[in-house]
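One chain, subunit A, links the two complexes that follow: it is found with subunit B in the first and with subunit C in the second.
Here is the complex of A and B:
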């Protein structure tokens, strides 16, 4: 496993060597992406990847937690199995279907109802206003983040539901016997008992959100422009590669795309490592308390 | 036991089929442009019904098609962007056009239907540069007396994937606007100064239909099929021309092929009075001295059939047949340049 991983990373770094050699560190901080004049930089797609994945996780984690909790603690028994299988079925839908739904159904809805509201109500706020102002295109970082959230919710919530079921009944029942509410049981008994596995499930969703290609390509707007606004179109690493690989007609161009692939690998790895470290920090704190 | 027999029978049948195939037909393979794929697959089906020879075409993109023919893994490549004469000479390749298409600007502005908006090249370039930002800009209004243009922000829609459509469109803008040439230039994918990118013709068509006050560019067939509001363009002789089979064919007929070695000519901004300014073609690229002469010969027969008899099929798919003068020229080129 580790060898295969290393091999994949090395071969991508090797494929991208021409781009790294030509642009050096500027490849990471340049916003250029100009195939005509052979100037390439990765900043716009890297930021687009991180921002869309962040939006997706901000929405998907709480919603998935709610779904899992509902299905294990609250819902009547006859409802649990059908709803659980329905959610698992969602995980099997090809991502291009989400993309087409996003493009033909969800983006027009965002353009007509959500974007104008955000622009009017949040766009004029001081400091955070620039994140929420822009024309109501219906395409952009926010739309892509929400579509990604819908795509990763089945993954995260099924993992959460599975592990919530493993919590021994006597632990929960003791807590209920002491007068805990459902919420207190979830927060103080179920979640601490399953924390490792829950975080594993969140990572699974995060990995998918970072690398998702087709659905994002359809709704992100694919523009190589760096803007603060979440309503404006952006680009992501996977989308750039999928869009441009077939017509990459110079060595440097192709090499830059492979270098982007390598960066996606590095970004994903870095995000996972940071998350692990934060987790360890949390555990240490809890151990002391 | 019975299972073993049926397996053996299957192997024998497969072997017989393979032998039969080898004896009667040759499969030739090509790869490249997605633009030409629908017509090539239709030609291929008809041609194999008539002759038994199959043409297997993979629409993997022009850049990839050129890479494949250079690597020698296919019998012909197809590209929406011509290879330079030097590049062809280096690899021992030749190229010739096979079919013509047109690219039209499409808009989504309330109250403006197909053919009601008039634009010229420099204005179109300024819109795509982001310099003209609203529809009621004096530059647009001056070209459209009597048309009610809204005071609304223009959203530019371009292709997000590398494509021959973008190449021809940006080539045209470069020819008519020095500012576009220096700031952006021409290519299958360029650094667009403004707007959003849709994937493929269908992506651009969907975006333009959804985003109010937007402008994009698509292949003629997509504009027709999606009933989109295309704009008229002023050509180099000052006429506003409807995009149509005739105006694309006029562009192909009046383009200056005399001075284009290896057909290395992008026929945007063609000089004819009735020529639509953004017409495009796809070039087929083959070796002048092929390693496998027999397969190459079949490929030439296929393209000869396509140019002489397949052009009506092309018309039914909204491609434009090559003018006879151009077909003559191509057949001459084959005789003089290729070892068949």
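Here is the complex of A and C:
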């Protein structure tokens, strides 16, 4: 297993060497993506990946916290198990189904109802206006971010739910006995106690959002251009690879795509290591208590 | 008095608002589940007919089914399980029985956890570089290998955890009767941990039967019925991807039908896994 992981990194670096060698550091900051003239740069997909993942986390983290809170503190006991398993089923649906749903159902919905509203109400604001103006295409960064959020919510919320359950009843009961409300117990007792594991869970979701391929490929629009607007189509690392790998006709083209894969691998690896370390620390703490 | 009452009311209001919001979040989460399942069901049911299972994927404009893709998916998944599951069980056993404590075990466990959540497209690229490129052509075997890399960490993890749950008294009892270690492992530990391990394998199967990304550049796709492992082979997720991205209406319908089949299969598998585990637990108590 260790061999597999190490081998993956090495073979990616090796496969991408041609791209790195040809473009050097400019590979990372160039916005070119021109298959005809053999000029490739990674900036557009990299930014697309980061932006969609960021949107996804902005939506998913508060919602997941709400779900975890609801399932551990608020909901009546008979409701907890069915809702928890329903949320976990959401995690089991293959990502390609999310992608199809996003393309055929959600993107037209965004184009018809949400995008025009955002363009009209937020697009004219000073400073942040450029992020929200654009034609109502339905496909784009915002849609991809939302679909990603729906995908990672089950992961984050089930991690949060599990760690919330590990908080000793003694602590919570003491706080209630002092007259705290449920919200105050959650915010001042449960959350500080589980902070590391919660952050670990969030990073786990982030790793998933960064590497997610199919769902994003469907709704991102596959456009190699850098725009500030979230309503415009963009691209992400995984989507570029999925879309273009089988069409790559030159050795350099293919090598550029593998180099992109290597970048993705390094980033997600770092994120996942952080996540696991944090979760692990939580486990230790639990062992001590 | 007045101030404290105000404070009290504010705290109560904030509490109510937070709890209401958390309820909304749950409804929000479930809402998407229902919406996605509903669209898949409605669109898929329209396109569902016997031809789906008997005909191969058609060129645009003609009617056909997904028979070759279904067959390909089954074959590739079975092969992936055949590669991934035994290695996974053995590695999990090693972790739980021989390296429970100690640095090496911890390190391997850590790596395994990372592999567990590594993006599948990266695993696909890895297999591409390892198998497809040297061989010079895409093949079903490479696809199975990529999926096996996804199966492996799931099986290792569950096997490791389940074996750790087996009470030590059982090991000691067997060893004190003079049973050799390998027999203890095979006849006692595996037997008592079997429900958990089977569940892990079922969940792994559920996970890979919907995987698309790694198959795109390993098994590729094939219009025709084939059982040759060293040639490109169709699979349902890749067929869905190709058909959904196409501009043809009847291909879209096929894609929805495929999506329905995959979703139902995956949901049934995870429900079955859960049910199996629960039943085993009841039997033990």
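By definition in this document, the second predicted complex is superposed on the first by the 262 of 289 C-alpha atoms of A that agree within 3 Å, B and C clash if a C-alpha of one lies under 4 Å from a C-alpha of the other, contacts with A are read in each partner's own complex, and residues count from 1 in each chain.
By our rule, a contact is a pair of C-beta atoms (placed from the backbone, for glycine too) under 8 Å apart; a residue touches a chain by one contact, two chains touch by 3 or more.
Quick caveat, the model's predicted, so the values are computed rather than measured.
Once chain A of one complex is fitted onto chain A of the other, the partner contacts of A:218 extend to both subunit B and subunit C. In the superposition on chain A, A:104 contacts both subunit B and subunit C. Put simply, more of the residues of subunit A are touched by C, taking subunit B and subunit C as the two choices. Look at A:183: by the touch rule set out above, it reaches subunit C but stays clear of subunit B. The intersection of subunit A residues touching subunit B with those touching subunit C, taken from the two complexes, comprises 103-104, 217-218, 246.
Remark: subunit A residues 1-2, 4-5, 7-8, 11-12, 14-15, 62-67, 69-71, 74-75, 83, 85-90, 92-101, 103-105, 150, 153-154, 157, 181-184, 186, 204, 207-208, 210-214, 217-218, 238, 241-242, 245-246, 258, 261, 264-265, 268-269, 272-273, 275-276, 280 touch subunit C in the complex. The part of subunit B that touches subunit A in the complex is made up of residues 60-64, 66, 81, 153, 155, 160-163, 184-192, 195-199, 203, 206-207, 210-211. The part of subunit C that touches subunit A in the complex is made up of residues 11-12, 14-15, 18-19, 21-26, 28-30, 32-33, 35-36, 39-40, 43, 91, 107-108, 110-115, 117-123, 125-126, 128-130, 133, 149, 152-153, 156, 206-207, 209-213, 216-217, 220, 237, 240-241, 244-245, 252, 255-256, 259, 262-263, 266-267, 270, 274. Against subunit B, the residues of subunit A that register as touching in their complex are 32-37, 103-104, 107-108, 111, 135, 137-139, 217-218, 221-224, 233, 239, 243-244, 246-249.
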